[in-house]
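Listed below are the structures to be examined.
You will see chain A twice below: alongside chain B first, and alongside chain C after that.
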Partner chain A sequence: MKGRGWVLLAVIGLALALTGAAGAQTTEPPSGQPPTEDEVNAIAKNMYCPVCENVPLDVCPTLACQQWRDQIREKLIEGWTEEQIHDYFVLQYGDRVLAAPPRSGLNWLIYIGPWVLIAAGAIMLARLLWRLRAPAAGPEPPPQPPANGPDDYRARLEAELKRRDLKD
Partner chain B sequence: MSEQLEPTKDKAARKASPVGVALAWLVVLGLLAVVAIQLRATMQGGMGIGQPAPAFTLSLFDGGEIQSADLAGKVVVVNFWASWCAPCEEEAEELQMAWEIYEPGGEVVFLGVDYADTETLARAYLERFQITYPNGPDLGTRISQAFRIRGVPETYIIGRDGLMKYIKIGPFTTLSEILAAVDRALAE
Partner chain C sequence: MIANVGYGALVITLLTALYGIGAALYGALRGRPRWVDSARNAMLLTFPLLTISALSITALLVANAFEVSYVQAVTSRSMPTYLRITALWGGQPGSLVFWSWLMALFATAVTLRDWRRDREFLPWVIVVSLVTLAFFLILSIGFENPFQRYWATPSGAVITAMFQPQGTTLFVPPDGRGLNPLLRHPGMIIHPPMLYLGFVSLVIPYAFAMAALVTGRTDDRWLRLTRRWTLWAWVFLSLGLILGGRWAYDVLGWGGYWGWDPVEVAALLPWLTATPFLHSAMIQEKRGIFKHWNMLLVILTFEVMIWATFLTRSGVLSSVHAFAQSAIGPLFFAFIIITTVLSLGLLIKRWPELKSEGELRSLLSRESLFLINNLLFIAILIVCIWGVFFPIFTEAAGVIGQIFPGVAHIFTGQKVTVGPIFYESATGPLWAALLFLMGIAPLSAWGSSTARTLGRAVWKPALVATLALGAVFVVAGVRNGVALLALWLCMFVTAVTLYEFYRAAMARSRAHGMNMLVALWQLAGRNRRRYGGYIIHLGVVLMAVGIIGIELFQTETQASLALGESVTLGRYTARYDSLAEFDTNDNRNVARAVITLFKDGVPVGELYPRRDYFYESEQPMTIPGVRSSIEDDFYILLINWQPISTQTATFKLYHNPLVNWLWFGAAIFLLGTFVAAWPEKEPDAVIETRARRAAVQA
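Our next item is the complex of A and B:
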């Protein structure tokens, strides 16, 4: 019984060790497998080389861009994340390499500006609509004839015409 | 008369607050200023002869760094290059030969600025052409932006007074062309 217990414990221990090893293997990056073109291009498509302006790095045909893609591949093999690679390229070549400017300094204008303008436009539109609707909402007061308005004028006009008729 | 009073009242009610108007103008003027600054920078073009050379710091491949302020009183030859740049190869040997001529005198400093390049290939390029003058990457493309370069290779010769004396767009074709340009800057 005592011997069986030890055997059982050893089997359980071995099983746990193997499970742990298997688990550890799955968390490690695949070794010996270079990153595919798609993996490299997935990072490269969000970057621009300063030599070929307005051409994304993933489709840029120049030698300089090819070297940059190779560099991305090297960094991926070393286990770098996309963010680390972006940071490295910004450090080496400046913000211009990024497809979207970093959220810092005056760059915030680009991100906040459109929303501020949209909000301002929405407020103006809402005010305009409210103003247009406002008169229809309440009953309109009947127009008050002016004290010495049309009636007085008509009376004077008729009197003048009568006077002219009499003259004739 | 009273009919005329109604719209006047309405206009007064509709009139925006002065703070709002001032803010709106501020936003518009601010946006215009940003656009103007960007346009000015874009339209500025390259550097010109006689202009003060921009201040810069070059981090070297071999460690350490060189600050342009420390080179005051010397003629400085700043060469922008890259390992992917075929025309740069045409002048690489001549630049090294020129450096070997001026280095003992101590009056001229050659600096290589590696533009938008990868370090491994840049180092291989320096080794291939046996370049010994100080070289370093253009980190953040700050130096090339300060010099407003249009491409590589480009070479700028700064006089002892810190003013731009000579600008070469494209590669030097002969050693004598480099020597003539540097000697002219030395003579001034």
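Our next item is the complex of A and C:
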């Protein structure tokens, strides 16, 4: 659910409060077309019921999840959009029915948090490696000159194997 | 009786471990080798003692001793014997004893090695191993005792206790609850022991690292000594994860192998730190740099492993309340905090002594690229830890909202679900970057490498990969941009790796006038780590191809069919022929459909998707019907049916392109790890012989 989702949620919440109805009001007229099972699954795929831990709704074999899918089908027949259906379940059961936390409030942390840490690590590493752009002035010669031709490569390979025999 | 023996053995093991810790500390600090020897004997004793304990549980499981609460919780009369035995790790109390038993096994193996050259490490390796073991034993004895029994009070209530409370009689339930049906699968039977083997063997490198820090012998000796341990730990971890994936594919019935379930992710965490450690350890051995970093990684690996052990079995991931209710959670937490503080304290104390012997000299040198590899793995680790803990965090943060109503709308205390979408989008680019590194790192040189030398080595494999990608574009008609990029990376790594094998074998065969195959064999035999590593890389590429196939090209459909009707998905058509529903003698109700499968209109076989319902645990299980080929899998699930008429049934069909490359790649991957980890001749003996020879010549 993006920023738009919040507005929608607010609108639905307001509509519910105003009408006092338990059932949500739909703004679109019922399309009447029975949805295919694939259409139902496409929506259920990104949902989890609160009971069946970590099993996506589209494949969960329990009876309760089957009933949820039936509910989705009914809503689709009534002409609801995917977002409306998600919001409907969120209102009833909380954010946990969605496959990913909605981008709002505290949940922003999950989307930003790792990247802040990773960026910090990357900056540290970049600073370390950036210094290397300046030619190292140390007295230490490069221990293994790059291979310039087949002979060099062969020599290095042999040297490496020998060294392994020695040290390893 | 057997329960008492098992429990007694646990208690004696704990006392032995505590004695061993004391004796090792005293011996090391006061310089009394005999005390260290005594501690070593104590450590050796833990294994037979824990064997008695583990065998006791197994005997109780096999004998249907339902008066023991653990036995009652994980077995039932209808279970076959082999499943009863494996129920040892079917629940938390048994798992913890099993963990301790494996830990004792590894500790014994380490203790039995030749310590003459590393005498000063011995007491500290014993202390670290035994402290870890003692921690797990305390958990088993005090909180998750697998030998507790049921007792009936005169009022008719049933209580659990280890020893008979006054005025009670032993209560024997008529039958047990049975093992979770999902766990009754060969993959699931071997998967936990493999993961646990991986987990416990990670204690060994940590123990040596700590020994190095305590003693101040901070050269890379500890790394060399534990290299193979880490590799074997990694083999077991990888195998455990792969088996878990296979189990999910076969049993969980959602058409996939990895669902980014929090428990799965928790099991992946130690792998995500052990893998970069294996890489960066090579840099320290080669160049004498990154010593601090390696210490940090080995500490992190240990702590993450302890966390993973806890998370995979405790149920805390389902709810933060499970953590608060069980005493085990806070204890694990305390153990992790204490060991982290102590390890970091030691590291800080030795910080100046761990100075690098060399320095990073070039941006494109192999060590720089390894460092970037490390960063990427740690980045994936961060994403995973964040994802696993975030739901617990949002739930727990509700407290803040309760205390400060002003911010209650932010700290709602609502639990959230962090599903595959989050992990896949966050880690996808990181995995891709790792693949790219896997391609260029083998071509870069140690020490220094310039863009020009690297470019000269890279262009040939890059060209081969691009040509191969062109073929995929034209022949296979792949147009998905992400897939094309990912496939290019896979081909690039393959080209580089094969080229590395080729040019090394070529060079040797020319130089020594030997056959190419012989040259290749000798090469792999003499530098097992490098060429084993390359085989692992090839395995990873094949696995990546499988993952690309199923992640980007999986298609699915669902249909309700009457008898004789068909549904088509891509080139496959499935015809619903019949359905039978029956009870089995192991307390299952099975509904099994017969499907005739056609590919391009030609019949290719019958599939039998089924739904097993377990009466004891009231749990359904969906077993797919699968037709596998190198090209793809056709995977069909029985979702629903009319119980009375069985005339119509609902099926879910998946087409999983290339998924078998994943399993095939996993086999190559494991082959590579075996090549890399296979014992070589004792390295010290080689050094000594060479030194002697050199002295004689001089």
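By definition in this document, the second predicted complex is superposed on the first by the 99 of 168 C-alpha atoms of A that agree within 3 Å, B and C clash if a C-alpha of one lies under 4 Å from a C-alpha of the other, contacts with A are read in each partner's own complex, and residues count from 1 in each chain.
To be clear about the criterion, a contact is a pair of C-beta atoms (placed from the backbone, for glycine too) under 8 Å apart; a residue touches a chain by one contact, two chains touch by 3 or more.
Just so it is clear, the structure is predicted and the values come from calculations on it, not from any experiment.
A.B. asks: Just to be sure I read the superposition right, which of the two partners does A:N107 touch: chain B = first, chain C = second, or both, or neither?
C.D. replies: A:N107 contacts chain C only, not chain B.
A.B. asks: Once the shared chain is lined up, is A:A99 touching chain B (first), chain C (second), both, or neither of them?
C.D. replies: The second partner, chain C, only.
A.B. asks: Determine, under the contact definition given at the top, whether A:V51 touches first (chain B), second (chain C), both, or neither.
C.D. replies: first
A.B. asks: Is chain A touched at more residues by chain B or by chain C?
C.D. replies: C
A.B. asks: Determine, under the contact definition given at the top, whether A:A64 touches first (chain B), second (chain C), both, or neither.
C.D. replies: First partner only, chain B.
A.B. asks: Of the residues on chain A, which ones does chain B touch that chain C also touches?
C.D. replies: 62, 94-96, 106, 109, 113, 144, 146
A.B. asks: Residues of chain A touching chain C in their complex?
C.D. replies: Answer in residue numbers: 37-38, 41, 46, 48, 53-56, 59, 61-62, 66, 94-102, 105-107, 109-110, 113-114, 117-118, 121-122, 125, 128-129, 132-133, 136, 138, 140, 142-148, 150, 153-154, 157-158, 160-161, 164-168.
A.B. asks: In the complex formed with chain A, which residues of chain B make contact?
C.D. replies: Those residues of chain B that touch chain A are 1-2, 14, 24, 27, 31, 34, 82-84, 116-118, 121, 137, 139-142, 145, 151.
A.B. asks: Looking at the complex, which residues from chain C come into contact with chain A?
C.D. replies: It is residues 224, 252-255, 259, 261-263, 287, 318, 358-363, 368, 371-372, 375, 378-379, 382-383, 386-387, 390-391, 393-394, 397, 409-412, 414-422, 426, 445-450, 453, 457, 503-504, 507-508, 510-511, 523, 526-527, 556-560, 611, 620-622, 637, 639-640, 650, 652, 680, 683, 686-687, 690 of chain C that touch chain A.
A.B. asks: If we count contacts the way the header does, which residues on chain A are in touch with chain B in the complex?
C.D. replies: Checking each residue of chain A against chain B gives 49-51, 62-64, 67-68, 70-71, 90-96, 106, 109, 113, 116, 120, 131, 144, 146.
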